[in-house]
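Here it is, the structure in full.
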């Protein structure tokens, strides 16, 4: 009965991509640990780039700098 | 000083239901462990059904299949 | 399919108390939101009092001060 | 490679305040533990006052009572 | 810069299995979202079966019942 | 009433270092957001280097490679 939480930045993730994340994560837990899909939860948190920091900077700032 | 995080799908939970979740959880920690309500936190996360996976599927898909 | 995480200090919680926390939390989600027990997870984290801070202090320090 | 999650109520936190939280937290981990900023994540969750409970009450209720 | 947290029961997971979980999860985020492995964290929490509840029961109880 | 969770690798963190993490984080929330220390929680999780992955590798492997 695994619980997986995936935190990613909120930058246009599609429903199809979410489906692939859920399928792939669930399959991994089945393959590696023999877990049951019926009790495998995957929760995806999409976090605003203003709310994620890396290396002293907000990701929104890193994205702006990279775009210039 | 417990911290409780309740993750549920975002499907029309009312403020009254949230109040009951907070009251019930806090009371449980008082009754079972003698914790102080003044330092008992309960945080409720409402997760989009597109962002919750169970048994290889997104909950949004499971809901659609169940509705048909 | 709720997921509940209860974080408490690691101070001699018994298996019977853990059972009551699981039963009470699950029942609350059934009563308030009509959730299914079969897909309700409750995970209890017992945190060392050296690893929990409140009001600038470690809980281990607060416990020592209270005992004096 | 620390991961820090800061949960606060969603009450008008500015981007500048978020920047200060990220900078201060990262600096703390550098100063106290010698961690590398390049692999230090800080994720800020802003939680609705309707979804945060303290002392049996929703924070939204506590705020209303305090305002009266 | 994804952060993934995998919570599983503490039932003899080997280092090789943990390596496969880390590799598989990281590859999934590379494949589906084009994320950089260099800033992809995967944290595995092994939870005692006494501390995980499902369907009103502790997993330790479910395991005992299944073994009989 | 902030809740802060700091996840770091379990590599000999001292009680004094934990105290500094708690004090520094709490002060940051007081300074930046005017939060009350009395309801500021800081929880430190020390994660085994076998249970933390970065860039496809377990941190325990990265540490061994760096030591050679």
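The first chain written gets the first letter, and so on, giving A, B, C, D, E and F; residue counts start at 1 in each chain.
Methods note: contacts are C-beta pairs under 8 Å (C-beta built on N, C-alpha and C of every residue); 3 or more make two chains touch, one makes a residue touch a chain.
By chain, with names taken from UniProt: A, B, C, D, E, F = Tautomerase.
Predicted, not measured: the structure shown is a model, and the values here were computed from it.
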item: Rotation in the CA alignment of subunit E with subunit F, degrees, nearest 5; value: 120
item: Pair sharing more residue contacts (C-beta pairs) when D-E is set against A-D; value: A-D
item: Selected pair, out of B-F, E-F or A-C, that shares over half of its residue contact pairs with C-E; value: E-F
item: Centre-to-centre distance between subunit E and subunit A (centres being mean Cα positions), rounded to whole Å; value: 15
item: Subunit B-subunit D separation of Cα centroids, rounded to whole Å; value: 20
item: Touching two or more other chains - residues of subunit D; value: 1, 3, 7, 21, 25, 39, 41, 43, 52, 54
item: Chains grouped in pairs wherever the two touch, ordered by label; value: A-B, A-C, A-D, A-E, B-C, B-D, B-F, C-E, C-F, D-E, D-F, E-F
item: Touching residues on subunit B, where the partner in the complex is subunit C; value: 1-9, 13, 17, 20-21, 24-25, 28-29, 31-33, 35, 39, 52, 54, 59
item: Interfacial residue positions of subunit D with respect to subunit A in the complex; value: 15, 18-19, 21-23, 25-27, 37-38, 40-46
item: Touching residues (chain side subunit E, partner subunit D) in the complex; value: 1, 3, 39, 41, 43
item: Subunit B residues touching subunit A - in the complex, by the definition given at the top; value: 7, 47, 50-58, 60-61
